[in-house]
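Presented below are the structures under discussion, each in the form of structure tokens.
Next, two complexes with chain A in common: one pairs it with chain B, the other with chain C.
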Partner chain A sequence: MKTKKLTWINGVLLLILILAFVANLCGGVQWYGLNQLWADPNLMATKIMWTIRLPRSLSVVLVGALLAFSGQLMQALSKNPIADPSILGVNAGAMLALMIGSLFGISLSVFNTMWLSICGALITFLIVLGLSMTKQGIDPLRFILGGTVFASFISCIAYAVSLLTNSSVQFRNLLVGGFSGATYSQVELLTVGIIVVIVLVVVLRKSLTLLVLDDATASSLGAKPGVTRIIASLMVVICAGISVAVAGNIGFVGLGIPQVINYLHPDALERNVVPTMLAGGIFMLVVDLIAKTLAAPTELPLSALSAIFGGAFLFIIVAKGSRVTQI
Partner chain B sequence: MSMKRIFGSYTMAILLLIVLSLALLAIGDIHLSLLTTIKTLFGDSSDRIANIVIWDMRMPYIVAALTTGSCLAISGLILQSLTYNPLVDSSILGVNAGASLGAVVLIGLAGIIKAINVDTYLPVAAVFGALISLLIVGIMNREGSKMQILLGGVALTALLNGIILMVELSLNKFDFDKVLVWLSGSFWNLDPGFLTGYAIAAVILIAITSGFSRELGVLMLGDLTALSLGVNVKFVKRMLMLMAIGMAAVAVSVGGAISLVGLMAPNIARKMCGSKIQVLLPVTCLIGCVIMLLSTLVANNLFLPSVLPVGLVVAVITMPYFLYQLFRY
Partner chain C sequence: MDAIFGDQITVGYGKRNVLTNQSVHIHSGQITGLIGPNGSGKSTILKSISGIKPIEHGRISVEGQDIDVLNPKQRAKQIAYLEQAPTVPGDLTVKSMVKLGRYAYCHGLFGKDEHGETQIKKAMVEAQVAELANRRIDALSGGQRQRAFIAMTLAHNSPVIMLDEPTTYLDLTHQLDVLNLLKHLNHTQDKTVVLVLHDLNQAAQYCDQLICINEGQVVKTGTPKEVLTEELLADIFQVKAKITFQSSCQYPQLMDYETLVNQ
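After this line comes the complex of A and B, so read on.
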């Protein structure tokens, strides 16, 4: 019964994902039909479809999936339903690292952006974790509040850096988020990332699920909670890092999606990975389509759109409050 | 708290205030000697360059810093006292972001409808925005825990900042720097007439608040005690809340959404001179001014020839302090 429901949910989500993907591919300043893809390759519209729209839509799906998954993992790691890499400053850290790196003359090739953003994400993650450790362990609300303020602290430094070096135009995409410059090499990077993550999930699926239990119980069930936690943290950092490298500072995707999926289908983490990733992809496709088309030819800032959705969502959870305070 | 300590904290705050003001007037890309600065301040008009530099170029910064600093600090003190929560201020509750959004929407509307005069309606829009965001957070205030209210404010700020970013970027597509005024704060209008108006408004609001200082002190003991001491709790609370909103709106109109000064100033003042409100109120005000003056000094001079928006410097100073306070206990 349970597996049946899961297959059903996955099927529906996959269908919506395909529809959203097609809509995202066709939408933009000008709407093109899907048949444009197989039209005369010398036509402008066909070229646009292949060289601009397709890599963009692909990276949108992949970034959505990665961010949603990293949110899910983070919520399991911190045993806290309102955690997300952007709330805890991991995204902002990756962004700052990218900016500083490029100002020191490191060319922003795909490989360089990857390691720079992963380093930045890792450092901020460790700082936030270190800050929120108290003698009684991690206090969830304090963890999030501290992380949020730390995130805006990092963003302010990033703004200051961009102002001082007169590079806010150059870094505009990074600061406000967006997929307008997506290329196939970025898609490759994201694909490698998502494959690594999926392989790790398949290998570690049992221990990841046990993360939500307390350490003693997990150990008695044969897991190694310490090791798993380190690997899971690394996965969060990798997911968030390469997402920022491609799409800039987009927040809050990882916050709502895992919760919605968990509401529809309350189950172990390992079985909810696929639907969470699918839903993350769908959400990102829709938001990106809105950003592209709502005020065309201007492109709306993606970080603003996701902050509006995510901020409202966070406010509602906190206001309802019961689940958060009980933990 | 002994008289000596109270006297000491007054002297220290005032001394810092004077030193920082003089530094702000004297230091810059045109250096003036201390003697020239003081002479010019006392009306010596023999040095024309010094006169222009001090009165026309640097004095506006001091007025702006003093206005925003005192307003944010006192509104923070009021909010902290009324909510019994030392980690609260107008920026973390989303009030500053709300006022900021009000200002941004007004400026956007003025671009479309030419009949709207930004200067006249700016305070109205800021107060309106601040009021709405405070009401939204207040809905949670009824039963929420302290942390929950803070987190709600932070979430609201994120939401409002998203809207601000969107409105601003659609107004001026390529000018990302300008967006920062309303996201993190900057003295965006240094016109003397504009600043004088807000400085007078600030002085009036502060005067009214100090008129209520006895009641504020009694309220800190709890509603019941205040009632039994003959304070009209409901009226006083509303009045003080209104003052807090008004002052936050004044500060935002002058300097954009400057963060966490209202959180830092009362806490430092409390450490210096205890929590007796008649002393705490003026000292908090002074400390707020000191923080803003210091930030302005750093913002204007550290990275010459580029000038940073003051809000970014304030954030770099105050946010670590907030984290320290949050994780201390």
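After this line comes the complex of A and C, so read on.
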């Protein structure tokens, strides 16, 4: 019965994802039909579809999936339903690393962007993790509070750096988030990232599922929670790092999507990974479509739009109370 | 025969030893209760035996096998351990949680578990939570929750079950409910049950063997009749009580107890 429900949810989400992808591909300053893809390749509209819109839509769906999954993993890691890489400063850390790297003369090639953002995300994550550690392990409250304060601190530094070096325009995409200028090289980077993550999820899904339990209970079931936690943390860093490398600092995707999926289908983490990734892709496609069409030709800042939805959702979570139960 | 033998074990937190060179014998197919004041080392013994808290010196064997040579999954197949207050997400369903108890049996790239579904159903029926399978954990009463946790430990299909204060936070009805369930599992499946209990009357009624621990020392081991003496209660618990034996039962009961502290 449960498997049927999950298959049904995955099927519906996949259908919506395809529809949202087509809408995102067709939408922009001007709307083009899907048949434009098979039209005369010398036509401007066809060139735009192949060289600008297709890599953008692919990047959007992959970043959405990665961010949603990183949120799901972070919530399991911290046993806290309001954990998300953006709230905890991981995205901001990746962004700051890219800005500093660029200002120190490192060219922002796809490869450099990737390692810089992953390093930034990793350092920030380690600092936040360090701030939250107690003798009993991660303290969920310290994790969120320490992370939130540190995220604000890092974001302030990033804005200060951009203002002091007159580079706000250069780093606009990083600061406000966005997919304009997405390339096939970035799609390749994201594809490699998502393949690595999916392979790790398939191999480790049983262990990752036990992250939601306390260490003593997980150990008693035969798991090695310490090792799993390190691998899961690295997965969060990879997901958040490469997402920022491509789309800048977009928040709240990882906060709301896992919660919605868990509400529709309350189940263990391993069985909710696929719907969470699909829903993350859908959310990002829709928000990006709104960003590029609502005030066309001006493109709205993606992080702001995402934050509007995410902020509303955070309000609902807080109003309804935490759904994590300590028994 | 000993189901568990802890030989001269030393275990501590940081530089502080909680237990030093202590030996415990837990008989196979019996219910053993660990009793003693708060902070005496009862939970530490359970954690050490289940491999969660590594020992510094000594040796622990389960069913004749040294636990040091077992990997975590092999150990979980031998011993199921239930924390006093496990943390689980409230939106997990009972069945999803019981499934977690099969972790040690999942193998291969796709985590195959040949007997998983059968064992999960069996565990839920035995713990009387089959009808709650699709209920969320946070929608259960305290007693139902504890039975769901016990179902998770039964899914291990291990010969030994250890529970740290399984009746804490439960009202009297649910306390007896849980203890009767453990007694039933012990009788019908010959499970070795080890549990930490604070209610000495319940310990006397439900346990075949008691191990009294005080300040990291195993003070006395034996049947409830041998262990629960007026002298022990005064020495270890600072309680003055009468020990009586009702004609209808074989176990001792504490009557008219009062604290000796400040007297």
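By definition in this document, the second predicted complex is superposed on the first by the 313 of 327 C-alpha atoms of A that agree within 3 Å, B and C clash if a C-alpha of one lies under 4 Å from a C-alpha of the other, contacts with A are read in each partner's own complex, and residues count from 1 in each chain.
Methods note: contacts are C-beta pairs under 8 Å (C-beta built on N, C-alpha and C of every residue); 3 or more make two chains touch, one makes a residue touch a chain.
Remember, it's a predicted structure, so these values are computed and weren't measured experimentally.
Colleague: Does chain B (first) or chain C (second) touch A:203, or do both, or does neither?
Modeller: Second partner only, chain C.
Colleague: Per the contact definition in the header, classify A:160: touching chain B only (first), chain C only (second), both, or neither.
Modeller: In the superposition, A:160 contacts chain B only.
Colleague: Of the two partner chains, chain B (first) and chain C (second), which one does A:229 touch, if any: first, second, both, or neither?
Modeller: Neither partner.
Colleague: Kindly classify A:172 by the partners it touches after superposition: chain B alone (first), chain C alone (second), both, or neither?
Modeller: first
Colleague: Just checking: does A:79 make contact with chain B only, chain C only, both, or neither of them? Give me first, second, both or neither.
Modeller: The second partner, chain C, only.
Colleague: Between chain C and chain B, which one touches more residues of chain A when both complexes sit on the common chain A?
Modeller: Touched residues of chain A are more numerous for B.
Colleague: So, does A:268 touch the first partner chain B, the second partner chain C, both, or neither?
Modeller: Once the two structures are laid over each other on A, A:268 reaches chain C alone.
Colleague: In the superposed arrangement, which partner chain does A:315 touch: chain B (first), chain C (second), both, or neither?
Modeller: first
Colleague: Counting contacts the way the document defines them, which residues of chain A are shared by the two interfaces, the one with chain B and the one with chain C?
Modeller: 324-325.
Colleague: Note which residues of chain A are touching chain C in the complex, please.
Modeller: 2, 79, 202-203, 205-207, 209-210, 212-217, 219-224, 262-263, 266-268, 323-327
Colleague: List the residues on chain A that touch chain B in their complex, please.
Modeller: 131-132, 134, 141-142, 144-146, 148-150, 152-153, 156-157, 159-160, 162-164, 166, 168-169, 172, 175-176, 251-252, 295, 298, 300-301, 303-308, 310-312, 314-315, 318-319, 321, 324-325
Colleague: In their complex, what parts of chain C are in touch with chain A?
Modeller: Per the stated touch rule, the residues are 47, 50-52, 72-77, 79-83, 85-93, 95-96, 99-101, 103-104, 106, 109-111, 134, 136-138, 145, 149, 156.
Colleague: Please name which positions on chain B make contact with chain A in the complex.
Modeller: On the chain B side, the touching residues are 139-140, 144-145, 147-148, 150-152, 154-163, 165-166, 169-170, 173-174, 176-177, 180, 183-184, 259, 303, 306, 308-309, 311-313, 315-316, 319-320, 322-323, 326-327.
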